[in-house]
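What follows is a structure written as structure tokens; I'll ask about it next.
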């Protein structure tokens, strides 16, 4: 490790510690109302979801377009367990933490089964397979009224938890804020370690060139599957938190449009940076809140924003902050290209 | 009369400045070699000429008219053909279709004529380009460039990956091509091949022209060869 | 003679009508630096693909170090000591040179399932060793996509060597390299073959290189082995002259 | 939220939540207009209580619905949540409202759940629900037709399944038999198979609870098969046919239907005033959900007047057992389950009506709301 | 009770529905095949096709007063959509030709939001419908029961479109040039092919087909701003089943979905909602490049 690396590492450490401290005191500063604190919770939950997605996309090169399947599985498992509908399980699972554990395990198992099928194919076919399998799950839940509540869903009411004399009321915004924060921080540390581990380095090699990775002895599919399961697990975890906040779990949590959210957040934030998905999630929640208060056509505004961001800043917000121009096209070139018939300076980048 | 002049061009890949003022001057009917170590900028020079990576500064004139700022296809249509470095055949077209799509019907080179030069292509004419062996692909790219009926042919390491007998054939083919009056600008690592074919050479080093002159002079200048090409050291036996 | 390193038995590959590899039965020994030559389209790359498991044979089998590997996945063959380089450069474009070399080293170590730790010193020093070996130390931090063709080819070779193979299949290793580098590559291969446990099996169209370093040459034409012998024997062989060398040499 | 009592005067702020975008906006938008009109009238009257309405778009998603509800309650400090186009949004917001001790008045969603198994202290519905509407429709079907062979074409989601359960049960009790049932997906787009199979079964009555876009598509395609010439009676159970009729124009078909409200009924002064007010405000005739939300706002006002306060508790106690006048007639809020009972449920035969450029009731057979309301099934 | 006749009828219905899906999807496969761009906004173009038709033929519409207004609209609406497509290509999609699919997907997803919500702002959320053209609003006798001729008309138009496309792309030099450009645009460009023109032309044709699909759907389905979102996923599935970029594939994929759906209706109604997804998963796992996709060795 070079001196520069070490310096960079310590800077990262200081920055992250600072961020965590700031988040810890945030509720006490009074800057944010209960409602806005709630938005921060939403952003944190979605950030976790997006990070789990980016573990696949940014670090293993797999565009999952069905990531909501695991998010939704986590949410449904929690809802069913809390609702006491999983009669074959001991009643202990009707309380929050055991139910959460169960939900995460079930999400991982579903990811294992579906992932096994998905990793058989690469590139765009992988994306379509993930989409198709998640939509199969969606349709099943949507029509299986008796067990899943069909399109109406299942309401989720997390009873207060007794924890060694302490009562955690998850309905309380402050309490849930700290719970989410704790889960998020632990997950971030885990994922950070993961991508910087030898294992993570091999994931990168798969992202770059799966065929070559095989030829250096990487069991590519097994790695892809393991990353898929890990990503699915975290997505499931995010799903459980989401369920508690929404008071209901509906099939929409598995719909492709839900899968599109982490994709959008990650690309908006910047898939090449570790914090990209987090920034993207915050930006997304903020934009939605901001725009939807101005106009009921807020998605129109969102679309109007996405287009230039992708065109001019493909590295997302992180890219803009870093000051990389490196757009797919340069704004000036683009504009001059519109006026004259000058070539846009686009290079022929074969392969 | 010069067919191509490249005047002080600067070319970039994104931020990285690769060509630092390369100038070339090529007479009609000549064959010129562009030599230099890996990474010297040979390929980039060819790509600049054809507008594939347009230079940010400098000027390129072909047949007396400036061609910078044009799209590659416009430049190509004025009479420049290219054989690229990494055999870019159209992988999902058959050999025959690879040739058909770029064929200039009024040109000198017919399909039969290139098949006569490369019988292997005739044999595999219905096979997909992507399923050819490396060497077969190389033949196909040369054939494909010829049927566009170019006045100037840019060859980026044409002998790479070809069996010795094919290299020999190629050499005589290219001499024939030169005899028809086509101008050739080629890059080569196989210096022997380049020496046999070219009349003049430019040596690039770090994106700039480091030496220019006749092939005979070059063959005698051990210092230049030693400094920029180090031929000879490898003569085995 | 030692046990053969690699044995091909009746190896055949057909693509539709075309028989790219036609009933090849040969073995390759550790003591030799074996070369595979033949005209374009003879089937050399296809044989490599069959040996490494990228393609599965229409019939026949591949044994490596005494074990039948015909049905093994490519990565399993790599773990048993079979490495390869590609004719068309095939590296990890978006990663630095160092990471390119380090990946195969991790892949063959126990560290490969280390999910949460850091790379060990051993891995780093092994990476340094391979970088030095192929002379890429100065540009270890450069991203491969920004390298020239020749440099990429060296990374390509470095990556195959980093898998620490017993047998390395080199598909035209010097293609596109300039003479100095070609010479260095030849030296490197010769030294490694002589001094380490690594053996080489290479294809090359630069016939002078082949004659100077190979101890045994297989000549392939239309998928079949038409000659097999020492460089001298091959030089004399008339069929080889007409099929491949084109009468000069 | 509004739990500080302030006598019989002051302002009640209503947070109106409905789908204002997406396919469900055809319901959400009139609901919004209903709330606005009621508030405007009340504020212009000499009532001591002012109504202040804020709107938010649920985008038919419970997630967005709850977020907006949070914003309305925690940020805007509204006193009453009202509206709710889809069942899942209503259920989610109902749970949320309960945790916040905020009154929630459902004026649109038809799901029985929120006033049965999922009922709670703060949740009320001021409109008839799916159970009541469908039972009424079954009775009317029986009155108006002779046939006994029924076929069902039901959208394959909770609403479709629940309506069919009720309709089938009621019809069987009345002596009919089910000869065929098909479950097209929501938003399916092609109904040729359903049409052909239904025709093959040769039923006397075809029942569907498809609505809006799906029903339009179905009718368009069924027309191609001369479906309606071959089926003696077609029964539409979604509770809304005006928008369908408007879109289809001359391609619309006659049918037996239930509507939560149709502007020509009842023929009372009260209703006429409402229709006039709506027309002068919006330059179009009022549709069912518009009237329901309008009535909901008045219900809340009456509750405040009755209990003399605007705190959540006041409003709850005021609403429980309340009888108040809506354009469509008297509504009675049953205390045991917070489900309103309408005077009349509007059922009858729908067809071309003079002076209207869309279909109206050619034959109206109102059903007494109380007669089709099941016993309370709720544990408050 | 499933009779032979009902099976035959179900198959015909499946084909008619499949043809509509084909028209909706074929432009997607064309644009992907040639430009290597996954156009998420393709469904929105389809939606525009339906809306344009509605506004041309409905009361007060531009063509409403003319005789045969529907037939005119069938020509004019797709052309208008093609115009929108060309503008989209020129200003927004062209710069991302060389980008990863995910960027294109996101960019065109942004376009979906803009177009669909733009339609909402312009035209509101009310459902619209178009009456079938009188000329073909009759029934034919099919196995003893009446069958709408409009559905037969869909089959005819779909088949004609497929045939024309096949002829153009497989049998003409233009087709070869388009395919060459699609496989290596940089190289084709360097060899003298006017690639920008080829690409714009392709996008125009793809949009035109989407517009035609929408126009034909107008008398068949209710029209609403969200109709594009529903068709796009189905279209993705069709083109993947057939093999991305293959016309034959899109044709076979659409008919397969249509027919299998119909048969599932008879035999396995409970599986019907998952059928398309099940099909695509099975096809991808057994024939990775789709039914008609070609596999090229690495």
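When the chains are written out, they are named A, B, C, D and E in that same order, and each has its own residue count from 1.
Heads up, the rule we're going with is that contacts are C-beta pairs under 8 Å (C-beta built on N, C-alpha and C of every residue); 3 or more make two chains touch, one makes a residue touch a chain.
Chain identities (UniProt): A = Amino acid/amide ABC transporter membrane protein 2, HAAT family; B = Amino acid/amide ABC transporter ATP-binding protein 2, HAAT family; C = Amino acid/amide ABC transporter ATP-binding protein 1, HAAT family; E = Amino acid/amide ABC transporter membrane protein 1, HAAT family.
Note that the structure is predicted; figures quoted are calculated from it, not measured.
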Contact tally winner between B-E and B-C is B-C
Relative to chain C, which chain's C-alpha centre is the most remote?
D
Among all other chains, pick the one whose mean CA position is farthest from the mean CA position of chain B.
D
Could you work out how far the Cα centre of chain C sits from that of chain E, in whole Å?
48
Counting only Cα atoms for the centres, state how far chain A is from chain C in Å.
42
At what distance in angstrom does the C-alpha mean of chain E lie from that of chain D?
37
Can you work out the whole-Å distance between the CA centroids of chain A and chain E?
32
Going by the contact rule already set, what residues in chain B reach two or more other chains?
13, 52, 71-72, 86, 88, 131
Do you know which chain C residues sit against two or more other chains?
54
Could you say which residues in chain A touch two or more other chains, in rising order?
142-143, 211, 297, 299, 348, 350
Please name which positions on chain A make contact with chain C in the complex.
190, 193-194, 196-202, 204-205, 207-209, 211-220
Which residues of chain B touch chain E in the complex?
50, 52, 71-73, 76-77, 81-82, 84, 88, 90-93, 97-98, 100-102, 128, 130-131, 144-145, 148
Which positions of chain E touch chain D when the two form their complex?
6, 9-10, 13, 16-17, 20, 117, 120, 125-129, 131-132, 137, 139, 145-148, 150-151, 219-222, 224, 226, 230-231, 262, 265-266, 269, 272-273
Enumerate the contact residues on chain B facing chain C in the complex.
13, 16, 36-40, 43, 85-87, 120, 124, 127, 131-136, 138-139, 157, 160-169, 189, 191, 229-234, 236-237
As the complex stands, chain A meets chain D at residues 33-36, 38-39, 42, 142-143, 145, 149-153, 155-157, 171, 242, 245-248, 250, 252, 292, 296-297, 299
